[in-house]
Structures are given as C-alpha cells and as structure tokens.
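Each in structure tokens, the structures are laid out below.
Look at the two complexes coming up: chain A is in both, with chain B in one and chain C in the other.
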Partner chain A sequence: MRRTALAVVAAAVVAVPLLSTDYGVYLANTLLVSGVLAIGLDILLGLAGQFAFAHIAFFGIGVYATGLLTNRFSLTFPLPLLVGATLATGVALLIAIPALRLRQVYLALTTYAFAAVAQWVFHSWDAVTSGANGLRMSPTVLFRWHLIDDRDAYPLLVVIGLVMVGARALLENSRLGLAMKAVHESEPVALASGIDARRTKIVAFGISGCYAGIAGGMLPLFTSYIHPDTLGLETLVGILTMVVVGGLGSTWGVLAGVVVMGLLPELLRDLQVLRELVYGAVLMLAVMFMPRGIAGLAHRSAS
Partner chain B sequence: MGLLAQALASGVVTGAIYALIALSLVIVYKSTDVINFAGGDVLMASCYVALLALISAGLPYWASALAAVGAAAVIGAGFDRLVLERIGRSVRGQDVLVAMVTATIGLSYVLKGAVRLLSVSSEVRSLPSQFLGPPIILGSVILLRQDIGILATAAITGAALFAFYRFTRLGRGMRAVAEDPRAAALIGIPIVRMRMLSWAVACAVAAVAGLLVAPKILMTPDMGIIVILAFAAAVIGGFTNFPGVVIGGLLLGIIENLVACTSRRKRSRWRRSSSSWWC
Partner chain C sequence: MSVALELQGVEVRFGGLRAVAGLDLHVRTGTIHALIGPNGAGKSTALNSISRFVTPVRGDILFEGRSILRFGPHRMAGLGIARAFQNLELCGRLSVLENVLVGLAAVPSRGRGADRAAAMELLDRIGLADEARVPAERLPFGRQKQLDLARALASRPRLLLLDEPAAGLRNRDIRALDAMLLDLCRRDGVTILLVEHVMSLVMSVADRITVLNHGEKISEGSAAEIRTDPRVIAAYLGRAADVAA
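Right, the complex of A and B next:
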C-alpha cells in the first residue's frame, strides 16, 4: 500500500516535466514551494501546537533576501537561498521570544500583527524592496548555467523539496519532535516530565521560520517578479487551509492537502464567480467531516 | 486647535463603529473561543441584504434594516449550530481552535462568493443615510448629522447589549456559558442553545455596525476588510473585556484620525485598502 503510493508519487514527479505543458510545470513548481511552506507551518501548528500567523513574513524575508542577493551581488545559487533562510530563522527566533509568552488567540493575533507590519515594510522600504512597484529578480545562476524557465528550475526544486521532507521525517521521532508533540498534547505534563516547554516552542518557531525562508528562496528560482501584495493574509490562509485539510501533524497528509487545495482553484477556474463560493464550502465541509484531514481519512480506510 | 478638535470628533465616530464590530468579535470569542475571521463578511453580507430589500423589494428603510440584522443573526446561529457544534464534537484538544478558525475562513469565502453572485454587487453602491440635514457647527467643529446619528445608534446598541447581558435571564445564561461551560451545564443551562444565541447576537451587532458604516463608505464584496481594525481595537481592549474593547475602539478611531489629519505622507495602495476611506 505504502510502496505503491510512493511509486505513484515518484512517477508523477518524473512525468511532470516530460508530459506537461509549460503551465503545468509552473504549477508543479508553485506546489513544491507551497509544500515546503506548508510543512514548515505544520511543524509549528501540527507538531508543537502553536497557532501563529507570522509564517508569511518569514517567507517574504526569504524571497526578498534571495532576490536581492542575486540581483545586487550576482551570487551563485545555494548562497542567496542559505542566507535568506538564515535570516528568516533569525527573525523567527527573535519574534518567538516575546510572542511565545502569549497563547492561543493572543499568540495568533500578535503574530498576525507582525506579518502585517512585515508586509508594510516590504511595501514601503522603497530603497531596498522597491516598494509597491514590486521587485524584479534576475535569473538564478547555478555554477555556469542560468536558470531561465520553469523546466530548468523544476529538478532543483524537487531536490530541495525532498531534502525538506526528509528533514521533517527525521524530526518526527527525534527527541526534539517528541518534545514538541508533548508540548502540543499538554504543556503542564510536558513540563512535569522535564521538557523545557519554552525552549521547545522557540526552537519549533525557528525551524518553522527556516522552512518558510527556504520556501522563499525557492520562489526566485522560477519567478522573476515579487509583489508585496502576494505576501499577505490571503496567501497565508491558503497555506493554512492546505495544512488543515491535509491533516495537522501528518507530513503525507499535509502534502496531499497541498496538492488538493493547490489544484482546486485550477479546477474551479471555469466556474468564474462560483469559485470563491465553492472554495469556501469545500473548506467548511472539510473541517466538518474530516476532523483529522485527508491523513485521517487515509488512516481510517487503511485500518 | 480646530483641526485637532475636528479630528477628535471624527475619531470618536469612527471609533464607535470599530467598537461595535470589536464587540461582535469579543462576544464570539468569549462564548465559543473562536476568532471570527468572517466577522467583516457577515457585516458585508448584511449590508447587501439591506440593499436588496431597499432596491429590489422596495421595502422602507426600517424594514430593510431589520431584515439585514435578522439575516445576520440567522447566518451566525446557523453557522454555530451546523458547523462549529460538529467540529467541537469531532476534533480533540488544542486543534479545535485551528479547525474552527479555518471554518470561519471558509464562511468568509462563502459569503463573499454568494454576494458576488448578486447583480447589485457588480457595481459600487452605498446605503442611504437616515440622518439628513445641515451639519451642526459647534465652535470650530463641524458635526454631520449622520455622524451624530451613528454615535447615538452605536451608543444605544452598546447600552442595550450591556443591559441584556447584565439584567436578563437569557443574557446571564449566555455569560455563564462563556465563563464556564461545564458548570453552566451542571446547573441546567442549555449550552448548545446559548452558544448559538451568542453567535446570533454577535452577528446582529456586526450588522448594525455595517448599516452605520455603509452610507459613509463604498460597498463592495471586499468591504469586510474593516474587521482588521476591529481586531486591533479588540486586542487593545484585552479581547475579553467589554468596556475595554469599547475604549480600544474609540482610541483606535481617534488615533487613526489624528494621524491621518496631521501626516502629509502619501498613502500607498495597501493602506488605502484597509483604512483610508475616512478622512
């Protein structure tokens, strides 16, 4: 069962650049970026149980850092992405220290406010981000090759995606991952069993920010333009729905959620006005009838 | 000095509307622990109900307003009973908040999508104001009758809400459920019904705020974005404290007007989308 599923996924990944149109490859690229973003959000939300909204800000930091380093210093590929990811992780850790004194609704609203401020900075810091005009980003250089279009970038994005999924799988049963699950289940119990809950939450925030930063660094590999409007609540809500519909805390579920909720707007494209209505209805029905998401459905049908 | 007084006066009016929307969010949060991201869209949808009743059905204003408030209450009660109740029973532990908030996001999309289906939403509209007449001049401050009407309606709505929660049996029951659902259930308060009613009241309050704000701004299916400022007001006020939230709303309105009237900085498109239709 598991092996066939893996084989199907692998076949699909290989088949995309061979069989699909340019638009299909572009779509696959955006799904890969969403996948890394969603896994990162799920580490905070599904694994450590912290409801925070700052994720999109770290993604933006990753995009702008990578794009600007490539533009201004023509650095070759892994460097801008790594710097962007480091920066995003650093900011995430800094935010985590005051934010994690709060919980539940207050944490959600404070981190949301941070995301709004970050978007304002992207929008208004004209000298660096070129503000409301958006930023043109030059093509990525990898050794001697220039990655010009979606097909060039696809294999690289797949590799990064695989590394990030692998890292998430390693986290699952590591000491740190188990500590996060314990904090999620019950903070007092976690504290009583000697887990430093505060440190665990801060680390979860940092790792989540790192994923968002790397996802941000993946974007300039195949797009040449970023506008601050795309770094707002709407994008974050899109990622959140992928995680929730897929199933909090389950990597395979989250990835399934990314594919389903990522492709849904494409399927609804012909419906025009009905699109929003159907998307919202699917979202409500999904949380109503699939309490553990797609992962829960798969689990139930397997057993 | 005149400018300052004028900014203060306008700020109080704006702030009163923020305070009403924030009250709606806080009622929902206290009774069901949910952040209602659809709050602004309930407001938007009820404005369109009023518009339809006025234009298509040709009803008088008071009947249209009543229809709008009633529709909002039905949306709220229905959403709680059909969607949130079910989630509350099937999702366990801390993930309930995430699932419920996601459901409100779904509701937000559904309401926006539904309104976009209406032919009236394809052009920018506005609701008529009920408070007409020449402005009243007090020293250097010019007060529009509309603004005075807004302030009075908001104050009456707020006072009615306080009275309802303090003096009526139903209101006390709803407060008890918000305070401690288990204890409330033990003494025989029907918690499911109380939660449903809380959602109905909250959405009705949002509808009142919508009816007040709609004559001042342009109506579009995206006008629900105003809820962002109400969230800020609610946070300033402590999110669970009714008087605090009212003060938070007023403060926010005053600060916003003072900043808007004193700074000469050009406004970017992003700012315009959230707040600047006021000044």
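Right, the complex of A and C next:
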C-alpha cells in the first residue's frame, strides 16, 4: 500500500517535466514551494501544537533575502537561499522568545501582528525591497549557468523538497520530535518528565521559520517578480488550509492537502465567479466531515 | 538514617489563601512516607511545591541536602525526582509506548533501540506490553493511572511523588498498587512520598505518616500512632472511622 503510493508519487514527479505544458511545470513548482511552507507550518501547529502565524513573514524574508543577494552580488545558488534561510531562522527565534510567553489565541494574534508588520516593511522599505513596486529578481545563478525557465528550476526544487520531507521524517522519530509531541499533548507531563517545554517550543518555532525561509528561497528559482501584496493574510490562510485539510501532524496528509487545495482553484477555473464559493464549500465540508483531514480519512479506511 | 527530602518552613500562598503554612517535613531515604489530611489540607500543593510546579513564598526545600528551589520543574526528573499526577494527565493521543519514552527524556539516550527496549521492559513490569501501540487515551481508567506511574518510573527516580495513585481504582487494582509500591521501595530503594485518601493503602504501606489540616502539620508518626491521635480524629470529624479502618 505504502510502496504503491510512493511509486505513484515518484512516477508523477518524473512525468511532470516530460508530459506537462509549461504552465503545468510552473504549477508543480508552486506546489513544491507550498509543500515546504506547509510542512514547516505543520511542525509548529501539528507537531508542537503552537498556534502561531508569523510563518508568512519568514517566507517573505527568505524571498527578499535570496532575490536581493542574487540581484546585487550574483551569488551562486544555493548561497542566497542558505543566507535567507539562516536569516529567517534567526528572526523566528527572536520572535519566539517573547511570543511564546503567550498561548492559544493570544499567541495567534501576536504572531499574526508580526506578520502584518513584516508585510508593511516589505511594502515601505523602498531602498531595499523597492516597496510597492515589487521586486524584479534576476535569474538564479548556478555556477556558470543561469536558470531561465520553470523546467530548469524543477529538478532543483524537487531535490530541496525531498530533503525537507526527509528532515521532517528524521525530526518525527527523534527525541526532539517526541518532546514536541509531548509539549503539544500535556505540558505538565512534559515538564515532569524533564522536557524544557519553553525551549522545545522555541526550537520548533526556529525550525518552522527555517522551512519558511527555505521555501522563500525556492521561489526566485522560477519566479522573476515578488510583490509584497502576495505576502499577506490570503497566502497564509491558503497554506493553513492545506495543512488543516491534509491533516495536522501528518507529513503525508499535509502533502496531500497541498496537492488537493493547490490544484482545486485550477479545476474550478471555468466556474469563474462561483469559484470562490465552491472553494469555500469544499473547505467547510472538509473541516466538518474530515476532522483529522485527508490523513485521518486514509487512516480510517485502512483500519 | 539519611534524609532524602527536607522541607523547612515551606509556605505556599494562592492570593490570600495560605495553602501550605510553614510546613516542616523529613522524608527518610528508602521509606514510604504518606501525607494525609482532609480535602483542602494542602497535601497536593505541598507535593506540587516539591515537584516545582508551584513556588513557595517562604521556606526551603532540600533534596539529598541541596536546595532545589532555584530549579524549574523540568529539572526535577534529571535530579532524580519524578512525579505522577492526581487527575489523568497523559499524552493521550500518543501511544502507550511513546508515553513511557517521554518519561525517558531526562535520561541520556543510549540509542533508539535501547530506549525502546527499556520502555518495553517497564511496560512488561506493569502488564501493559500488549497495549504498547494503543493510544493512551483508549486505555481504561486504571490502566491510564498505571501508565502515568510507568512514565514517572522511566527516569529511574530516587524520589517518587505520588498524588492519589489509588483514586478511582477498584479494590483489586489497589492491592496490586500496594504490592508495587512496597516492591519499588524495598527492592529498588526508591523513596516514596504519597498523598492518598484511600486509608487502607496508606495504613498498609506507609512507614511514616504526616497529617495536614489547613496547611499545617497536626500530627506525625507511624500508622498505629496516627490512628489513636485525638487531633487527627478531630480533624477528620465524622470521618474518624476512615482513619481507624
């Protein structure tokens, strides 16, 4: 069962650049970015149980840092991406220290406020981000080559995606991953067992920010333009929807959520005005009838 | 005989309420010491101050001779103090095995395989090995309490704090608990501080009993001494029969 699923996924990954149109490859690239973003958000929400929503800000930091380093210094890949990811991780850790004094809805609001401030900075810091005009990003440099189109970028994005999924699996099975789950389930039990709940949450925040930063660094590989308007609530909710519909805490579930909710707008494109309505209805039905998402549904039908 | 745990004039306040009022307590190494008293006497609060979930406003708490007040609750397991919880407090959606693995957090890992083997050994001892993969929340009540105990024991504590381990258990399970506590103490040398309402358990396992009322110690001694102490009987009022049982 699991083997078959893996084989299907592998076949799809290989088939995309061979069989698909340019637009199809572009779509696959955006799904890969969303996948890394969603897995990262799920580490904080699904694994450690912290409802924090600054994720989109760390993504933005990754995009701008990578784009600007490529523009100004023509640094070769993956240097700009690594610098961007480090920066995003650092900012995430700095935010986590004060924010994690708060819980639940207060944590959610405070971290969202940070994301709003970050968006305002992307919008207003003209000298660096070129503000409301958006930023044109030069093609990625890979040693002597320049990555011009979506097909050039696709294999690199797949490799990054695989590494990030692998890292998530390692985390799941590590003591740190178990500590995150324990903090999620019961903080008293975690504390009494010798787990530093606060440090565990801060580390989860940092790792989550790192994923967002890397996802941000993936975007300039196939996109030549970023506008701060795309780094707001709408994108955040989009990613959150993928995580929830897929199933909090399950990597495969989240990835399925990314594919389903990522492709749904494409399938509904001909419906025009009705599109938003149907998207909303699918989301509502999913939350009502699949409380643990696609992962929960798969689990139930298997047992 | 050495003292494992010493409380010196410990006072805990919740707003205007003095939950624990200047408590002195000596728990000798390798003994089972029970803390009893009517509801609201401050027993659980005293236990919570030792496991550092609450902080006293006055007094000091020493474990094996050194003060533990400057450490947070997550440091206790590493120092050798483990606790179980009064109300069911487990990682409900994690498996039985994972719950015990959480209890191993304070012990340096000897690798994934060795950690799992150690956890399975503990589950075997309390008879939960067959349910290792079941989510903890699916176990019956009594089994969940046993699992909490197993989680606490995973860190190989020298001092075990138990908050009403017998509450809600059937008589058969209480007898098993009785045997297990004696075994832990006599065979493994674990010092146990027990808060408990079930007097039959207290009377049969406790080497020494401290009685609290309104946050103060009103009596201390062996089971035989406590049973006949008029202050204890007065504190329990109509429940004197319980103490005599």
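Here is the rule we go by: the second predicted complex is superposed on the first by the 303 of 303 C-alpha atoms of A that agree within 3 Å, B and C clash if a C-alpha of one lies under 4 Å from a C-alpha of the other, contacts with A are read in each partner's own complex, and residues count from 1 in each chain.
Rule of thumb we're sticking to: a contact is a pair of C-beta atoms (placed from the backbone, for glycine too) under 8 Å apart; a residue touches a chain by one contact, two chains touch by 3 or more.
Just so it is clear, the model here is predicted, and its values are computed rather than measured.
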{"item": "Superposed partners chain B and chain C on chain A - clash or fit", "value": "fit"}
{"item": "First (chain B), second (chain C), both or neither touched by A:Leu178", "value": "second"}
{"item": "More chain A residues in contact - chain B or chain C", "value": "B"}
{"item": "C-alpha centroid angle, chain C to chain B via chain A, nearest 10°", "value": "80"}
{"item": "Touched partner set for A:Ala190, first chain B, second chain C, both or neither", "value": "second"}
{"item": "Chain B versus chain C as contact partner of A:Leu283, first or second or both or neither", "value": "first"}
{"item": "Smallest separation of CA atoms, chain C relative to chain B, angstrom", "value": "9"}
{"item": "Residues of chain A at both interfaces, chain B in one complex, chain C in the other", "value": "185"}
{"item": "Contact set on chain A toward chain C in their complex", "value": "173, 175, 178-179, 181-182, 185-186, 188-197"}
{"item": "Chain C - residues contacting chain A, complex", "value": "51, 53, 72-78, 82-83, 85, 89-94, 98-99, 101-106, 109, 112, 151-152, 154-155"}
{"item": "Interface residues, chain B side, partner chain A - complex", "value": "29, 33, 35, 83, 86-87, 90-95, 97-103, 105-114, 116-117, 228, 231-232, 235, 239, 268-270"}
{"item": "Chain A - residues contacting chain B, complex", "value": "45-46, 49, 51, 104-106, 108-110, 112-113, 116, 119-120, 123-124, 131-132, 184-185, 228-229, 237, 240-241, 244, 248, 273-284, 287-288, 291"}
